[in-house]
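Chain IDs A, B, C, D, E and F follow the sequence of writing; residue 1 opens each chain.
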């Protein structure tokens, strides 16, 4: 009973998510691209980086990247804390 | 610093409450000083009135456990609490299911309105 | 996972080193070709996966040095945030050594520093960190199996008296 | 031609994802997830994102699968051979 | 070089540096690690305080990550921000200050509290990362950056909740929180991606400027609201909350409380600033009010019947979050009407924000006091406690302060914020106020129960040899106690300096947008 | 010809993952469901940045003035992939510890915290 209700809710949510995605813009034809065009135009000129994505990852959106490295470090710390050798007090 | 805070209906002032606190404590001390002076420690006056219940031995712990507090309240609302405790079932997928359910309801409301 | 046959093991030996070289290539040329720190680091971390598949976990754990991988992670992260801090007179994460494309074409970028500046350096830092971190995650998950097989539950009591 | 390939890859993605969830045997499930990631990397390449494709191939298909297999072994699901048979 | 310009970056970068440097410092032994732990927390607190003061003096601060100069937001000819940006108005600075205070107190407490555990350098790293996540969430001005920081905070809290890995319940609580929080992170990412696909912006001010009122926007708003309401613990999605609060180490719990408040901050930031006109005219205020009422009532009724101290306090978290949701819902419903806003809406917002900071402080203190009891007795079961007041005087006094504050006994700060909430929501409908009053009464009842069974009564033989908690733990509790007493004695100073600027920043959507787009 | 097929695939994968999370009883299956949802969202982000006839966002491969697919979604996807891997690893570590403590992977039996 409860399970059926949850599955129905999941169907509704999935349908709604699909509705959102489908109405954002048609595939292959983004409506507005001012920010991306700025990056495409300036990545090589200002930063002399051939790869636009790398220049985005490490320069324009570098702060996200340090957050991402921090997430990886956090997961690492958590896994090592879970599987630490117990009993030793330091 | 100790100004007033207006809430729309009235105001709130701490200094009034501090004054009230001092007045109330003086009044309590005055009441206490009016009490009887013939109270003696270690006599029968100290004993707990057990009213027919079994008297525990000396040195036993005599506290009311927390599970027994508000017994009547819990007894009165038993059906409500049965449903509510069953709701907190401890099954992870149920919790996720409720989350998905509420999200679906909110999204459906967004579509309707 | 039990050790596989000799042929597979030898093959894995060779290919594992190729993966390290390929990963290093991807990391170092991050600002020029597809790839970058994360991708290269993940490829380097498959080195350990190859050895794990070929030799089995128990033999692998006797070889690896956790301290080495931990220091890789720490070194990479500190290098990364250090580079970010070095942009500080201007702002955090400022690309303080890059030159514009015209200057680079005109030969204004002589020396060891790449013209894209901190982009390439941060690529290397993140590559080191990701390679160490992913290897360490695999190692510790494997140690988790061993922990499960040997030690009983509840050895550490915290401050419970 | 390219679009036909694109459609084929999309169908493969859905199939691999479906099998990853549908298989009762957990090891098969984990391997199907690896195949799913590989198809996803192919799709990223078709969508002109080579950086993401490399990352997905290295992380999703290789490391993630290995981590799943390690976890399954720790939970005794591989040696017992009863797959997802906890029901 | 003027360091005060760089405070916004430093407040996040400094604890991050501390987290990355912890493995290095812990090679130098226990003393060096503890020194790092306290010193970095203290410096973070000082930086957050200076940042708050700067914002109060000079107005909204912008900080562009990697920009050539601090004021560079618009490269010539392009009327939009291209880089990640910290936009710190009074509300953000206020949340950052709250997080920093809680982090410092928890660090002081954890020094002694964690002394029976191994692997403490991992603990210190995770603690700093949790602080970084909460601070970044409250300061950032970029949607995807917000998602990254929410993930840092979530992953760090999974690790910290499961830190006592030999206790099955800790792992179980961590797994439950993890599953729910992963689903919510996915929903947030879908919403952020859709916003990006529609408007090509990730900067909050630019999105707020460009947003329209189509169905897709409403759906995006609904996804964000449900995901963030789960993170802050609204009722039907709140079952993870008592589990994880009860099972995590106490020094961490006081920070987890604040992190859930930062999620609430994200919720109101999304509803008031990002979606301003979309949110206020639709059903969203009523979602807030209904969720708030349910959280208040069911949370407190579940709390009354508990007999495990941290679990009981954890259920109270749900009901206290309900107060804030109620207040913000009323404030949101009044936002489009200047007269209603001046009449009761602004008061409700002030009450909600004041309750947020009060709640962080006294709930943190309650969890720390419960942790001190656990440290001293080794049990969390209230049935087994009794008569501890004589043995632990400092803990008793501090617990009493916090319990009086949470139950809304005048003249404590909890009463002031609850009064503001009652009187403003009464204008909308009397039933809302009545439910809030009943909740307050039941809160008082359950805290009377804790105080009576744990602290009062004859001394049990079992606890004859119990000693007061060590000095570091008492010091950590005193930080919270000091803040609570300060808010209690100077409420009008607090409201005019801390709360009112934040409330004004909350309703001032045009100011938030203008600071970025029209400097 | 292809229409909005990638977005439909994203919706289908999201639905499959959610149903797997809600209806499966095995913890590893639940974590596979989370992984499927995460991959679906990565596909969504990349598909959103695609331009018909666009080239790879690398200058010497794309040519000087060619139309290039949008680079930001790829940057976001890289971040999201690494975050997904980190959380998957942590989730599996937690599942290993749960199996150690409870001796089962059935989600209906791991319910010591209730009420």
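Definition applied: a contact is a pair of C-beta atoms (placed from the backbone, for glycine too) under 8 Å apart; a residue touches a chain by one contact, two chains touch by 3 or more.
Source: prediction; values computed, not measured.
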Touching chain B and also chain C, the following chains: A, E, F
Required minimum of steps from chain D to chain E, each step between chains that touch: 2
Neighbouring chains shared between chain A and chain D, ordered by label: C, F
Far-end chain from chain F, centres as C-alpha averages: B
Whole-Å separation of chain centres (CA-atom averages), chain C against chain D: 23
Where chain C and chain E are represented by their mean Cα positions, the distance between them in whole Å: 35
Where chain F touches two or more other chains, by residue: 2, 5-6, 12, 14, 18-19, 21-25, 30, 44, 47-50, 56-58, 60, 72, 74, 76, 78-79, 81-83, 85-87, 89-90, 92-97, 99-101, 110-113
Sites on chain D at which at least two other chains make contact: 50-51, 55, 59, 63, 67, 70-71, 74
In chain A, residues with contacts to at least two other chains: 3, 6, 10, 13, 16-17, 21, 24-25, 30, 33, 35-36, 39, 44, 50-51, 53-54, 57, 59, 61-68, 71-76, 78-80, 82-83, 85-87
Pairs of chains in contact (touch as defined earlier), listed by label: A-B, A-C, A-D, A-E, A-F, B-E, B-F, C-D, C-E, C-F, D-F, E-F
Sites on chain B touched by chain F in the complex: 85, 88-93, 96-97, 100
Residues of chain D defined as touching chain F within the complex: 3, 6-7, 10, 13-14, 17-18, 20-21, 26, 29-30, 33, 36-37, 40, 43-44, 47-52, 55-56, 59-60, 63-64, 67-68, 70-72, 74-77, 84, 86-87
Residues of chain F that touch chain B when the two form their complex: 18, 21-25, 30, 107-108, 110-115
Chain F-facing residues of chain C, complex: 32-34, 36, 38, 130, 134, 137, 140-141, 144-145, 148, 153
Touching residues on chain A, where the partner in the complex is chain D: 51, 53-54
